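Here it is: the structure, laid out below.
We call the chains A, B and C, going by the order they appear; numbering starts again at 1 in every chain.
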C-alpha cells in the first residue's frame, strides 16, 4: 500500500512554514479541459477533489471505527500533502464513511507489545498528522458525522470549522484521562485554543465525552445540523471561506496558530521520548492489554 | 495644521510606562474658579473636557469616513497626550461626529504610491496611536455610533469598555483579510484579548464585519443601546469606572495589558520593516489602486 | 496552636511538583479495620476525613469572617499538607462554618503597623497557601456558602470546581481595586484562567463583587444550588471526579496549571519585596487604618 521511502518525505517542514512559497494561487485557466472530479483511492481514506470548486473531501473508511493506525496516519499525511501541493485544491472537508463514528482516535494495537522503534515511528506519524492538519494552508472543515473521542476529537479541533450531526448519541472530547493516560501538551494546547482554559481544565481532567448539544454549548463544535444536511452545510461553509483571497487568509491562519505549532516543533524529540517512556511502563501496557481484551469480548 | 517637531514628542514612552509618575491625582481644590468646559478645537478631532466630571470627549470629525490619515493619527496622539497629562482629566469617551461611521480605519491613500520614508512615518503613527490608547492611564470608553471596520475596530478594541448603537446596519470587525491584507500581530493580540482565540481565528480569517447584535453576542462590544441613549449611557458607564480610585485601577490595567503592549515595543522596528516590505509589493499596490478607483467611482 | 518549626516544613516544594512521587494510590485494603471518620481539630479550620469515600472537608471556622490571618494560613497549609500526604484522602471540599461568609480574604490587621519581618512571613504564607491549593494533587471543590471577596475568592478560584449557594446576597470577586490596592499578578493569572481576559480586565479594574447569579453567568462559579443542597451537591461532584484514575488526572491538572504556578515560583522573592514596599507606604497604611476603624465602628 505505502511505497517504501514515502514516509520520510512526509516528515519535512509542516505546511504552515510554507505560506511564502504559495502566493495567491491563480484561478484555473478557463481554456483548460475540465476534469470535474478526480479520485485517488487508497486503503483507508477516500479522497475526492472537485476541481470546479477547488474543494476536496477526505472520507475516512477504515472500519470498524476509523482508528488512527500507522497505516491510516501515513495515508492521511500523504493525501493531505498531495492536496496541499495541488493548485486545484483550496479546501478540504474531513468526514467519515463509517456509520456512527468519525474516528475513534489512536489505534491501541500500535501502542501495545511493540518495539521502541515502532513506538517512535508511530508517535512521529501522530505528530506529523497534527502538524500538517493544524498548519494546513487550505481551509479545513470537519463534518463530524459520528462519535469522535481522543485522537478523533484532535482531528476535528485542528480544522478551521467544525460541524457536527445533532444526534445526542454522538459525542466528542479528549477522554484520555478515562483510560488512565494523559493527553499530550499539544492536544491540550489545541483544545484550549478552541474552548478556553476553564472548560479545558475540567473536560480534560474528567476525560469528558460531550454529547453533540453540549459540545455546541461549550464551543467545541461550531454548529449542529441534521445528518442529511451535513455535507450540504459543509460545502456552504467551505464556499464562504473560499470567497476570501487565499494568501491573506493563509498568513492570518499561520499567525493565529504559529505559537502552538512552534511549541511542538521545538520539543518534538522530547515528546517522542516522553511517549515511549510512558507507553513502555508495565502498568500502562497491562491496562492497554486489558482494554483490548475487553474490546475483543464485546465484538464476539 | 500640525506644527513641525510635535510628532517626535509624541513618540516617547507610552502612557502605561508612566503609572508611577501619576500617583492618585488629588481632587480638584474647591476654592479654584470653575471652568466647567474647555474645548481645544483642531482639524480632525473635537476634544471637549468637562472639568467637573473629569471626563473628556474626543469626537472624530473627519468626513466622509473618519479615515485614519497621518494627520488624523497625529492629532489623535497629541490630543490624548494632552488629556493624559491634564490632572483635570480622568477619562475619555471616543465617539464620532460623522453620521453612520465611527471610523473606517487606516487611510489607504497613505499606503499607496508613497515613499519608504512616508510609509515609515505613517506606520509609526499607527503604532503610536495604539500604544497610547491601549496603554492609557485614563478610563477609555468607546461610544460606537456607526460602522467600525479594521483600524476603526482597533480603536474600539483598545478602550476599556465598548458601547455600540443597536442598529444592525452598523457593523464592526477586523476585516483586513477581505482586502487581501493581514492584520498586524498586535491588532490580533488586542482582538484575542477581547473575544478569545476561537472567535478571533474565524473572524480574522474571514475578515468578518459583525453587525451590532452579533458583535454583542461574541463579546466584541459590551452592550448595545438605542442611538439617542448612547452618550448618556457612555457617561453613566464612565461615572461607574471613575468611582474607583485612579491609582489602583491604573496599575491593574497596566498589569492586564502589559504583555501585549511589550510585544509591540520589543518588535516595533521589525513591525515597521514588515509593513514597508508588504505594502511596497507591486501586487499589493495594484489592489490598493483598484480599491481606491472603485471608491472614487462609487462617490461620483 | 502552631508549634514552632512547623511553618518551615510548610515551605517546601509545592504539591504540583510531586506528582511523580505519588503514582496511583492503591485502593484501601479491604482487610484493614475501618476507621470511617477521623477529625483533627485545630483553631481555625475543622478538618474531617471520610476514609470510605476518600473525601476530606475543610471547614473554615474563624469568626466573624474567616479572614486569612497568618494563623489561619498556617493551619490551612498544614491541614492541606497532611491530607496531601494521606493515602486515604483523594479529594477535599472547602466550605465555611460561619454563616453568610465563605472567607473575607486577607486579614488587614496583618498588614497594618507591623514589621518588615512580619510582612515577609505573612506574604510568604499567602503565596504558600495558593501554591499548595492551586497545585494540589487532590480533587478540590469549593462549596461557597457565603460571600467571598478578594483572598476568599482566590481560594475558590484555585479549586477544580466551584459550587455557590444561589442567594443573590452572596457575592464573589477580586475587589482589591475598591480598597485602592492591586491584586497580585498570580491572583490575576488565576482569575484569567477561569473567566478569560476580557471579563477579568473590567472585573479587576472595577473591583467587582459579583452576586451569585452574575458569577454563574461569567463562569466565575460553575453552578448554583439552594443552600440546603450544597453539601450534597459538593459530594456528588466530588464522586464524579473521583471516578477517574488519580494518576492521569493529577498529571493532566499539573499540565494545565504549571505555567501559572511556575510564574510565581520564578518570581516569589520579587513578589514579596513588591508587597512589602507597597504595604509600607504611608498612604497605604493610612487607608488601611481608616478602613479598620470603619470596621470597628460598624461592629459597635
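In this text, contacts are C-beta pairs under 8 Å (C-beta built on N, C-alpha and C of every residue); 3 or more make two chains touch, one makes a residue touch a chain.
Since the model is a prediction, treat every value here as computed from it, not as a measurement.
Participant: What rotation angle superposes the Cα atoms of chain B onto chain C, in degrees to the nearest 5?
Facilitator: The C-alpha superposition of chain B onto chain C needs 120 degrees.
Participant: Taking all residue numbers at the chain A to chain B contact, is the shared part over half or under half, that is, same or different?
Facilitator: different
Participant: How far is the middle of chain A from the middle of chain B, if each middle is the mean of its Cα atoms, in Å?
Facilitator: Taking the mean C-alpha position of each chain, the two centres sit 39 Å apart.
Participant: In chain B, which residues are in touch with two or more of the other chains?
Facilitator: 196
Participant: For the complex, which residues does chain C have touching chain A?
Facilitator: Going by the criterion above, the answer is residues 23-24, 160-161, 192-196, 219, 222, 240-241, 244-245, 247-249, 251-253, 255-257.
Participant: Inside the complex, what are the residues of chain B that reach chain A?
Facilitator: Of all residues in chain B, those touching chain A are 176-183, 185, 188, 196-198, 200-202, 204-207, 283.
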